[in-house]
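For reference, the structures are reproduced in the following blocks.
The following pair of complexes shares a single chain, chain A, combined with chain B in the former and chain C in the latter.
Moving on, here comes the complex of A and B:
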C-alpha cells in the first residue's frame, strides 16, 4: 500500500468529489421536480396522459442508466441536439431519478387518507389548495424512508457519467490511476469518498424522518381534540 | 439525420445474439449471489460477534459505493495484489459481490417474517439445526423473498451493461461497436434499450408466474 498516491493527488480527488456532489444534487432536485409532475399526471383524468406517464416510468426503470446516458450524449447530436457532457449527464440522471421518485411520490400521495381529500374538496378547497394544504404536508411521512434509498442510488449512478467524460470522482480516479499505475489505492480511495458521501446523505434522511416523527407528535400534543381521540404513539414508527 | 426505424430493427439480431452473453453472465452472478447470500444469512444467525461485524461492514461498503467502482476494483485493483482475472470473470465477481450484499439484506427481512413458533416447534420435535435450516427456514425464506429476488435479477441484468467498460462484449458493448461503425448511435442505443426492456419484462413476468405457482402450492 502506498498512501502517497492518494495524498499527492488529492486536488484531483477533491475536484472529482465536488463535481459528483454538484451533479448528483442537481439531479436529485431536478429529478424530484419531474417526479412530482409525473406523479400528478398519473392521477390525471385523461387516460392517454396516465398511460404516457406510466410508460415513461416503466421504460426508465427497466433500461440500464448507461444506455439512457449514451442516447443523450452520443445519440442526440445526430438528431441535431448537441449538449455538453455535464448537461447531458445531469439531464439523464434527473430523468433516471425521476422514474424512481415518481413511483414513491405517487404511493405516498395515495397513502394520505382518501376521506381527508374528499373532506377538503367538500369544504370548497380547490385542487391545488388540497394538494398544498392537505396532501403534500402529510405525504412526507410515507415518502421519506424509500426516498433515502433512491437518493443514494442516484449518487451511485452518477459514477457512470465518467463514461461520457464528465470529470466527476470516478473519472478523476481513472485519470490518477493512469498516471500512477496504483489502481488498488486509487479505487479504494474513490470508493471511500463515495461511501462517506452516501453515508452522510442517509444520515440526513434519518434525521429528517426523526424530526418529522417528533413534529407530528408535537402537533398531536398541541391539539386538544387530537389528544382526546388519537393514541399518542401513533406517529412514532417502529 | 432522420431517425431510421429500419436501421434500428436491422441492429436487433446482432444485439440479441450478444444478449446470450448478458444472460449467461447475469445467470451465473444471480446463482452465485443467492448462494453467497444464503451462506451469509446462515453464518449471521450463528451470532459470532466479529464475524457479524465483518458482514455488516461488507454490506455497508457494497451499498455505499457504486457498482462501477466495484467493477474497477475487481478488474484493475485485484491484479495489483496478485489476483489476475479475465474481464468476464472479474465482471461476474464484481456483480456477485455487489448483489450478494443486497440478497443478504433481503433474506434478513424475510427471516424476520418467519414465525419463531415454527422454529421452536421443530427444535422441540428434535430436528437438528441443519434440518431446521434446510426443511423449515430456507424454503419459506426463498418463497417470501421471491418478489424481491426477481427485482434483484432485473437489477443484475441492467448492471451487466456496465461490464462494457471492462471490454466484456455484451449487448451494450455490441451496440457501441455498431453505433460507431455505422455512425448511427441514436438508433443503435435505442435498440439496445429495447433489448434490455424486453429482458426485464420477461424476468418480471416469469417472477409473477412463479409467485402464482408458489401461492397455489401453499394453498393461499
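Moving on, here comes the complex of A and C:
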C-alpha cells in the first residue's frame, strides 16, 4: 500500500467530501421538508390529494435512483430546463429521500396514540395546534430510529451523482485513481471518508433520540416500578 | 321549568351499513345530571361523540343554547355541515372526559390542564398555569402537578383529565364511562370528584355503569338499546320498575 497516493492528493479528497456533505445535507433537509408535507397530505380529507401523495411515494420507492437522476439531468434539457449537475443531483436526491422519510413520518404520526389526538380535538384544538402540541413532539421516538437508516442511505446514494459529473467524493476518487492507477489506496480512502461521515450522522441521530425522548424516559425512570427494578442503573445515571 | 340548554332531536348516525343511533331525542336542562346505561354497542358513546361534533351526524340535530352543532338547517330543508374549525368553538364549551383518560403523555399534569387555556382560550402561560394549579389542588392533586401521566395512577390520571375539562369552565360535561378503566379501589376517588361537580351544579351527561352514583346524584336516567332510547325517567323509578325485558336483564347483570 502506498499512502502517498492519498496524502499527495488530499486537496481533491477534501473537495470531494465537502461536496458530498453539501449535496447530501441539502437533500436530507429538503427531503425531510417535502416528506413532512407528503405525510400531512396523506392524512388529508381530499381523496385526490391523498392518492397523488401515495403515487409520489410509491413511484419514487420503486424506481432505481440512478434513473430518477438521469431523468432530471438528461431529460429536463429536452423540456427546455437545463440544470447544473449539482442542482439536478440535489433535487433528485431530495425527492428520493423524501419518499422514504415520508413513509417514516406518516407511520410515526399514526403511532401517536389516537386517544391523545382525539382529546385535543375534544378540547377545541385546531388541527395545527394538535400537530404542534401532541403529534410532532411524540412522533420522534418512532421516527428517529428508521430515519437514521434512510439518512445513511441518502449519503451513500449521493455517490451516484458522480455519473452526472458532480465533483463529490466518488468523482474525485475516480479522478485520483485515473492519475495514480492505485485503486486500492484511493477507494479505501474514499470508503473511509464515507464511513466517518455516516458514522457521525448516526451518532447525531442517537443523541437526538435520547434528547427528544427524554421527558418521557425520565418519567419512566422515576416511576415506582422502575425505581424498584432499575436501582443499579439509576445509581450509575445519577 | 327551565328551558333546555341542550336539545337533541331525532339523531341518526351510521358507521357504514351499521346504524348506531336510530332517532335519539333528548332535552337537558341546566344543572341536570343525566345517566346513560346500555349494553356495549348500543350507541351510548356515539351519542356523546355526536354531541360535541367528534362524529359526523347523518340526520337530526344537536342544539346547544340555540346554536346548532355539526349540522345546521338551511333554507328549503337543506342542511350544512360545519367545518372542523367551526366545531372547535363548540368543543371548547363542552367538557369531555374519556374512559381511557387520554392525557398527553409528553406534558406534565399541570401542563395537560394549562395547555387548553393557552391554545383555545388564548391565556398567557403564567395565568393558565395558575388556574391549572388551583384546579388540580381543588381535585386533591396539588402535589402531583409536576408528574407525567405515566407516573400517576389511573384514578389520578382521570382526575387530571376531569381538571383539564373543568378548567375551561364548560357549559356541559360529557363523561364517557369515566370509571370503567379503573381498579375498584380507585373508582371511589373519581366518583367523589364527580359528586362535588354535581354539588356545584354542573350539567352532566354521563355514560356509566355506576348505578349507585346515578341513583343518588342523577336526576334523569336513560336506557339505550340498538341505537334508541328505550326507557327514560327519574333514576329511582327506572331502576326499581324496569318496563322492558332488556333493561331487566341488564339491571340483573349489574346487580350480580
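Simple rule for what comes next: the second predicted complex is superposed on the first by the 215 of 238 C-alpha atoms of A that agree within 3 Å, B and C clash if a C-alpha of one lies under 4 Å from a C-alpha of the other, contacts with A are read in each partner's own complex, and residues count from 1 in each chain.
In this section, a residue touches a chain if its C-beta (ideal position, glycine included) is under 8 Å from a C-beta of that chain, and two chains touch if they have at least 3 such contacts.
None of these values were measured; they are calculated from a predicted model.
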Query raised in the report: Does the superposition put A:170 against chain B (first), chain C (second), both, or neither?
Result: first
Report task. Check the residue A:26 against both partner chains and state whether it touches chain B (first), chain C (second), both, or neither. Result -> neither
Requested in this report: Return the chain, chain B or chain C, that is in touch with more residues of chain A.
Outcome: B
Query raised in the report: Looking at the overlay, does A:104 come into contact with chain B only (first), chain C only (second), both, or neither?
Result: neither
Query raised in the report: Touching A:39, do we find chain B (first), chain C (second), both, or neither?
Result: neither
Query - chain B and chain C footprints on chain A, overlapping residues - result: none
Report summary line: Contacts from chain B onto chain A in the complex sit at residues 1, 3, 60-61, 63-70, 72-73, 76-77, 79-81, 154, 158-159, 161-162, 164-165, 172, 175-176, 179, 183-187, 189-190, 192-193, 196-197, 200-201
Query raised in the report: Across the complex, what residues on chain A touch chain C?
Result: 113, 115-116, 118-127, 129, 133-134, 137-138, 215-216, 219-220, 222-223
**Report entry** In the complex, chain A residues that touch chain B
**Finding:** 59, 62-68, 70-71, 74-76, 78-80, 152, 155-160, 162-163, 170, 173-174, 177, 182-184, 186-188, 190-191, 194-195, 198-199
Query raised in the report: Once bound in the complex, which stretches of chain C touch chain A?
Result: 52, 54, 84-85, 88-93, 96, 98, 100-107, 115-116, 119-120, 147-148, 150-151, 161, 164-165, 168
